[in-house]
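Presented sequentially are two complexes of chain A, the first with chain B as partner and the second with chain C.
On to the complex of A and B.
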């Protein structure tokens, strides 16, 4: 039996008269990688912000893990098990890499005990080192984010989302600013997250990455969903080719 | 909680507090030192909001005055002893802080500063004009001392000094330990990047509110002792000038540091005494110091001394300095301040 983790129903958001996201309904299955693609201005980022809690929708609803989340504050979505990254990798600029991960994990322990939890617990440090290792930055805990490459920053951003123990990870343009070789490394990295049993929703415009990574791909154009299928069928979908690719899929 | 990194500064600080009256022995100097400690409590409280939570509040002068007036009214007009008024003053300060926080914490940057200025002025106006309660410009006196001096063999000013030394130590230690908890870590994350902080599950508004509430309570506590120290209070104790002075003091002293509030207090207590004969130069001199610090030592005097101590320590240990790390921090702090 398939288990839905995230679903939207007639989700819409308009800015003035412009419908940036228009009646979008889809469901994300547990343990899949769900890709969202579309040309610039298709409404991908708006859709992402609606799910992540940056914007409230104009109409429609979003459910995650059986809860209505479309009016839920950002931090509560995180508590529910939704982790996210940002389009331009967001950092804590004065935190070292190690501190960044510790800060990102600091809200996991809630209640008064969570507020008063000492910062120098060995177990927290151990966990930080494990995540540091997982994101491939072992030994770099004392560097500042500004001293990292784009790929390392992206991995740190994902690491900070992962240390909150999400079941669903939202990745916003993870390949932004990366060169070809780095995209391949990122691809391998994201696949390694899957193995941890985390469902992933990813938005990106690099088609080859998305074709390789996603189990299913949703194509958006002008705020509407125009296709939703496995990558092979998306590549050969005439609508998609006309609306978005304009050339054979996969040529990037 | 005592670690190898903080044991040396702690011992130095405690020794300074204990030994200063032996260096400056006249009652006049000891009174100045006592005033310094009361300011340091106010500045430490304000620094929780400004330095740690990034909430630049000008309302803390009014909260300080509020604490002073709660103690003043309850002792002079109601007849309570000093110590029973202290928790009430802290509570009133914290509650008003909570109110200010609820009204303003959704505002960003400049709007927040203006809003706290407005609310601070409002509190000052109420204190000045609600004469049935506060006696207006006539003021309130005599506010009793916390300790009956007959029972202690020390001279009164020395007793008050050591009491304030203990209270300021407790406040500083409390603030320091709070910052060594998850609350401190979350505050720092919010100050660095509030959108990212919310995304990793930190409740931005509630964390800021808690910090502001504690900060307001500590300002009121300082005000309560100030009322007793002066024994006479009038509305200027709650003026916006106190709020601005406090803000300048922690910028000059150094934000988010333990020593910063004390260094700021030293400047703001000692300098006016030195320049007493030339009052009109006082403001100009303070302004000049502020400009110089902001330009050349954005981490304040505490930041400067840290760099200096670091260099000296490295000279002895032979470790190379890391100029790269220092400069990047300074740059980031400037961005943070803008």
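On to the complex of A and C.
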């Protein structure tokens, strides 16, 4: 029996009269990389915000790890094991890299334990340094996010989500602002996360990256799911090619 | 003339440190929780009453009591009023804070009566610096305000709790997504803000009269200061306190005493015409 880690049922979200996400149903399997592509305004980021709890849905159902989560407060979804990346420079712009990781990591100590630990322990700093090393920013803990390259910022965003100890990681446009050579490095980096046994849902525009990375790809257009299949079949899907205004789906 | 100027600067520093301290408490709470906490005027007043009522225990024990009691009041108002309202629109928060101010003033009137209380200075004597005569009590006010704000800086910068308070101040959504508890940060932030307001009142008690509406003008000036400084800027709020103090002191001495409370407002309008984002350059939050 396949183990679903995340599933949505008729998930919808409207802004005014516009349905940004319209009756979307899909399931993500444990340990897979699930890609979501679609033109600008297709509703991909809104979908992430619904799953991470940044926005409440208008209709529909979300389940993760066997729990109904669509009305669960944002921070509790994080505690349940859902991590979502945001652009690091927008997240905590005046936190240093080290502070960003420490803040993101500190929510693991909840309840009484959290109240009893108002200062960092040696183990907190140790953990921060390990993640700093993992995202390839060793020695840069005192820099601000704005002082990093785009690739470093993307890795910091991922590091901040990873340090919360997620089982499901939502990556929002990880290749945003990157040049071709950096995309390859990012690809290798995301694959190294996968090895850690973390299920990944990723939104991105770079088709080559998505084809290489994803086990299955869902295509969205105008808030609706128009295709869901393995990358090879997606590339030859006529609906998908139409959604991309006739461009071949394999190009960037 | 030089002695006059020195005296005016000394007066400005003393008044400015009280304004500054109250402004810092407002800036912290507004910057992190987006609550325009007008009721901190009443928290300061209750801090002053703590010192007046407990005067038989000396000065320092009542000051410590004022800080602790106001921290507890901060926890209570956050838990009972502002945490439940944390997703409410700004106008609701404004009304809640203003309502709380009136309720606390009413309670003070019932508990302590309408008469003024006065508190004897803790330290007698004074000295003359550059021709300005300054009592030690007034020097204590300035020193205590600066030490409190330095302490707040150290706390926000170097502790885990302080760092998480700054995180929520930068991005509420981002903090929630990485699992920070908004309730915990809210309780701690309001408790600290309230304690600082209580300290401002406790410092003010020996150099002013203590009565239920004693801090009304004070809290309005403190609000002007945080707009001047850029909402949420802590050190800018202390600096703004001194600027407003100087403005009042020199305006009263060289222009007209009757308009003492109007000078900061005039300065406020002038500065906002030139720099709508405030002195410290932070963009004023609209939402």
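What we mean here is this: the second predicted complex is superposed on the first by the 244 of 252 C-alpha atoms of A that agree within 3 Å, B and C clash if a C-alpha of one lies under 4 Å from a C-alpha of the other, contacts with A are read in each partner's own complex, and residues count from 1 in each chain.
Note that a contact is a pair of C-beta atoms (placed from the backbone, for glycine too) under 8 Å apart; a residue touches a chain by one contact, two chains touch by 3 or more.
Keep in mind that this is a model prediction, so the values were computed, not measured.
In this superposed model built on chain A, chain B and chain C take up the same space, so to speak, and clash. By the touch criterion defined above, A:60 lies against neither chain B nor chain C after alignment on the C-alpha atoms of chain A. Within the superposed three-chain model, A:35 lies out of touch with both chain B and chain C [touch as defined at top]. When the two complexes are overlaid on their common chain A, residue A:164 makes contact with chain B and with chain C alike.
In the superposition on chain A, A:119 makes contact with both chain B and chain C.
By the touch criterion stated above, A:84 is placed in contact with chain B and with chain C alike.
When the two structures are aligned on the shared chain, A:144 is found in touch with chain B, with no touch to chain C. The interface of chain A with chain B overlaps its interface with chain C at residues 52-54, 73-75, 78-79, 83-84, 86, 90-95, 102-104, 106-108, 114-115, 117-120, 160-161, 164. Note for the complex: chain C touches chain A at residues 158-161, 163-164, 166-167, 170-171, 173-182, 184. Those residues of chain A that touch chain C in the shared complex are 52-54, 73-75, 78-79, 83-84, 86, 90-95, 99, 102-104, 106-108, 110, 114-115, 117-120, 124, 160-161, 164.
In the complex of the two chains, the chain B residues touching chain A come out as 1, 3, 180-186, 188-189, 192-193, 195-204, 210, 325, 328-329, 332-333, 335-336. By the touch criterion stated above, chain A contacts chain B in their complex at residues 52-54, 73-75, 78-79, 83-84, 86, 90-95, 102-109, 114-120, 144, 146, 160-161, 163-164.
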